[in-house]
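Several structures are given next for inspection.
In what follows, chain A forms one complex with chain B and a second complex with chain C.
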Partner chain A sequence: MVNLKKELEDNQVILLLMPGKEYNEDIVKNLKYFSSSSSVFYVTLNKTYSALSELCKKHKVKSDNVVFVDTISKTIKKTPDQSKQVYYVSSPGALTEISLVVSKFLKHEFDYMIFDSLTNLAIYTKRAPVGKFLSSLIHKIKGTKTKAVFYAISSGENDELIKQAEMFVDKVIVLGKNKGGESDD
Partner chain B sequence: MINALTFDGSILLEIAILLGLVTVVLTFINSRKLKGEIFEKPFIYFALGLLFGTFSLIAVTFFQGSWGANTVSIVHDLSFIVGMGLLLLASMQIAKFLKGVESFGKNIEK
Partner chain C sequence: MGKHIMVVDDEKDNITTVKTALEANGYKVTSAKNGDDCLKKLKKEKPDLILMDIMMPGTPVREIIPKIKGTKIAYLSVVRVSEAEKEDLMVSKNIVDFIQKPFDIDDLLKKVKKIVGA
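Showing the complex of A and B:
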């Protein structure tokens, strides 16, 4: 198992490439790992808050320390702007909105930020704005003490986006077939 | 020669109208770029507000002769009021969003 906390001590922003098949297991494991003793804000472009909290309950992950930014719920049903532990954004393609919300949250000095995932971002928006968005977001993160992990699926379809992202982050970790397999760039 | 009552012949006013129309079009195009985002509606309100504001100038510049002074005055004032109202609405919506995020952040800290 890659020691993400240790990696994040040396590198503020990490891109975590994970195989699609083990994606659900990986996100739960990582959330469990980070939320156990630190404050986390989790930007989800993939699952709704309710789906994630269900997943947390199922795997007995303590999510009290986690604040979610849910970009999916508003696209499928009428949802308030916010509730106790979650802030809802219009859609995964609403880059301006996501950027503003993340900027505001970064001021609250969370220990970790998880961005789930770049692959989904690519589905909803064109490549050029995504590159600019990522660059601006990562620069904002680097102006704070918050450590960030960006998820992406290593499927080969989003190679160009991943290459772009590799330029902005401090380290790329590839989760291989044999769990814990790490390939650093 | 500019007629001070009808604004006929005022090049500056015509430039203002042209600039107003260009701004309306650009603001509307920007609202399309923000489709699906929370800022889409405020940008549409900005575009409409600017359109009404520009129309109030168009009315006094081009319709004085055909509509009559009283009608033009009413159209000008109403367009201006509606335009300003829409701009106010747009800015209030943006402020509401920013305040919402801010209050959520404060709640987290509590």
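Showing the complex of A and C:
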């Protein structure tokens, strides 16, 4: 397993490509690793806050240091669970809203930001300027001390988006197989 | 003709994948691009099962489901929800399953067969 904290010492923004099968399990393991001693804000585009809380509990993740930005719950529930640990965005396709919320959290000097995931961003905003959004978002991150990990599933369907993202991040790490970036094998 | 399945999804690729697999196994398959389109098509079609994505543009699925009468529905969800949320989404007795994407197509076929028969 790649040492993400070490990678982030040298690279502020990393794109982490992961196989689909172990995706959720690996993401929670990484969150456990980050949140044990650092502050994290976690932007989710594919799991509700409630589902993430369930996963954290299952994997004994200390989530006190984590604030979640949930873009899913408002699309499927009338009244999402209220908690000081979560901020709700109207939908995963609301790029301006996501950008504003991320900017707000970046001002609070979190140690890490986790963006889960670019794959879902591509699903929900096919016709929107995802490249422009990413460029702007990463530019904002670079103006802070927060280290960021953008996740994506390493499948052929996402090649175009991944190519765009590769232009803006400092390093691409591919878990499971070698694909232009550093392989975990 | 086999049982009739309606696939409701805003992702054309998803519809194509599911439709191809179901048709190859003898099912009649029609599709709708979102919940509103599904309700419109249900005025003319009477499927045995609706496979419905949980997140689509237009009227939210939780408002669409109660308007569907007498047809079994299985959710297809690309997003991960908690067990409590799954229960919340079971807003109608017509909902018979909650299938998490990405799913194995053979598993989907088994589930469909179990719900409506071959």
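For the reader, a short list of remarks on this structure follows.
Note that the second predicted complex is superposed on the first by the 172 of 185 C-alpha atoms of A that agree within 3 Å, B and C clash if a C-alpha of one lies under 4 Å from a C-alpha of the other, contacts with A are read in each partner's own complex, and residues count from 1 in each chain.
As a convention for this text, a residue touches a chain if its C-beta (ideal position, glycine included) is under 8 Å from a C-beta of that chain, and two chains touch if they have at least 3 such contacts.
These figures come from a predicted structure and were not determined experimentally.
Contacts of A:Phe105 after superposition: chain B is touched, whereas chain C is not reached.
With both structures placed on the common chain, the touch criterion links A:Thr96 to chain B but leaves chain C unconnected.
In the superposed model, A:Tyr87 makes contact with chain B only, not with chain C. Of the two partner chains, chain C is the only one that A:Asn46 touches; chain B does not reach it. In the superposed model, A:Lys163 makes contact with neither chain B nor chain C.
When the two structures are aligned on the shared chain, A:Glu54 is found in touch with chain C, with no touch to chain B.
By the touch criterion defined above, A:Lys77 lies against chain C but remains apart from chain B after alignment on the C-alpha atoms of chain A. Shared contact residues of chain A, touching chain B in one structure and chain C in the other, are absent. Remark: chain A residues 20, 24, 46-48, 50-51, 53-55, 72, 75-78, 120, 123, 157 touch chain C in the complex. Chain A contributes residues 67, 81-82, 87, 89-91, 93-94, 96-97, 100-101, 104-105, 107-108 to its touches with chain B in the complex. Residue ranges of chain B in contact with chain A, taken from their complex: 34, 36-39, 97-98, 100-102, 104-105, 108-109.
On chain C, the positions that touch chain A within their shared complex are 11, 13, 54-55, 60-62, 78-85, 88-89, 102.
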